[in-house]
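In the two complexes below, chain A is the common chain; its partner is chain B in one and chain C in the other.
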Partner chain A sequence: MSQVLTQKYVVGADDFAAAGAASAAVKKTLKQLNFPVDFIRRASIAMYEGEINMVIHGGGGVASVEIYEDCVKIILTDKGPGIPDIEQAMQEGYSTATDSIRELGFGAGMGLPNIKKQSDDFEITSEVDKGTTLIITINSNS
Partner chain B sequence: MTVTQLAEKLELKKLSNGEDKEVNSCYISDLLSRVLGGCSPNDVWITVQTSLNMVAVAVMADISFVILPEDVTAPVNVILKANDEGLPVYSSSKSAYELALLIGDLL
Partner chain C sequence: MKLDQVLEVLEAQICTDAPLNDIEILAACGSDLMSDALAFGENKGLLLTGLNNPQCIRTAEMMDIHCVVLVRGKEPDDALVTLANEKEIVVMRTDFSMYTSCGRLYEAGLSGGDIS
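Right after this comes the complex of A and B.
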């Protein structure tokens, strides 16, 4: 499993216009590296959901993406309010999104379940008032 | 069937230019995470969601093109972004239901 490259992006808080820029850039890179389309789609969806959560809920953060020959590891770290009950947050339909966020089309409570669904390995750690970290791994041969 | 063929048959109004991809099926929802989790690659997506995030979601999920039903219009910056990303966006006077019925017959 030799590493091809690492990319790092700063994701701003509450910047909905730019939200998804990091995911879009990673998608372009994976395309240029000729990964299978299904793999690229899974990585894009998982990273976008995580990136949007950092923008909406996490007060912004950092996305670090490690691209290997046969997988991609996406690490999303924020220093936001944290998640008090991860099990509850992981449930389909659970959302604390405000009405103004819902008007933008977010808040279905499907983001974290989607990340789990698209990934081969998904670790989420969070501490209230400290922040949240997601480590998402997607294999290109699964 | 391709995007332009389907758009012509449905008499859609073109708002942005993009790749003329194949269209396999159709997905309807305005909740972005629903779409990311539920749509399939090469779907046509019918939505009234016209934010920049709509474009991002369509691109991430490999949507072939977007139809805004009931003459919904999109802001200029969204159209420019769709052009940049190569995402065809069209509008129609028909409802999502009417469009889905027609698409079901055509695909």
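Right after this comes the complex of A and C.
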């Protein structure tokens, strides 16, 4: 598993207009590297869901993307309020989003389950008042 | 179903510059919540939504969706149109409701596809 390249993006807090720009950039890079279409779509969806979460819940953060020959590892770190009950947060339909976030098209409580569904390996760690980290791995041959 | 047929079935108007060409749509999904739409697994799909901000275009981009239809007479905002033109995603608008739009497309032969 040799590393092809690493990309790092700063995701702004509450910058809803720019949300998704990092995921779009990663998608473009994966296309340029000729990865399979299905793999690119899975990676894009997983990262976009995570990026949106960072914007609307996490107070912004950093997205580090490690691209290998046969997989991509997406590490999303925020310094937001953290998640008190990860098991509950992973349930489809559970959301702490406000009405104003729902009016923007998010907060269905599908984000984290969607990320897990698209991933081959998914780790989430969180500490209240300190932040949340997601490590998403997607293999190109799965 | 070709995009020009979608346009006809929904009595829709095109809001963007990307040409319809011969783009073939294999399935459609309808939602105002983008995470619901992101669970839609079908490639070459169509997104129907009442969400008229740029995130519906970002969602379509991530999912390789070529066309977004704004239902219920929604008008796209300028940022949405700009991003859609940049990404070469076709945006249409129709006065029909979500329910009627989906029903008309389904009746015309466009299925709902699979949920991943």
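Just so it is clear, the second predicted complex is superposed on the first by the 142 of 142 C-alpha atoms of A that agree within 3 Å, B and C clash if a C-alpha of one lies under 4 Å from a C-alpha of the other, contacts with A are read in each partner's own complex, and residues count from 1 in each chain.
We adopt the following convention: a contact is a pair of C-beta atoms (placed from the backbone, for glycine too) under 8 Å apart; a residue touches a chain by one contact, two chains touch by 3 or more.
All values reported here derive from a predicted model rather than from experimental measurement.
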item: Which superposed partner A:Ala25 touches (first chain B, second chain C, both, neither); value: neither
item: Chain B versus chain C as contact partner of A:Ile135, first or second or both or neither; value: neither
item: Chain B and chain C contact sites that coincide on chain A, given as residue numbers; value: 16-17, 19-20, 23-24, 27, 37-38, 41, 44-45, 48-49, 52, 104-111, 114, 117
item: Parts of chain A lying in touch with chain C, wherever the complex brings them together; value: 16-17, 19-20, 23-24, 27, 37-38, 41, 44-45, 48-49, 52, 102, 104-111, 114, 117-118
item: Footprint of chain A on chain B - complex, ascending; value: 30-34, 36-37, 41, 49, 51-54, 56-57, 59-62, 77, 85
item: Contact footprint of chain B on chain A as seen in their complex; value: 16-17, 19-20, 23-24, 27, 37-38, 41, 44-45, 48-49, 52, 104-111, 113-114, 117
item: Residues on chain C engaged by chain A in the complex (per definition of touch); value: 32-36, 38-39, 43, 49, 51, 53-56, 58-59, 61-64, 79, 116
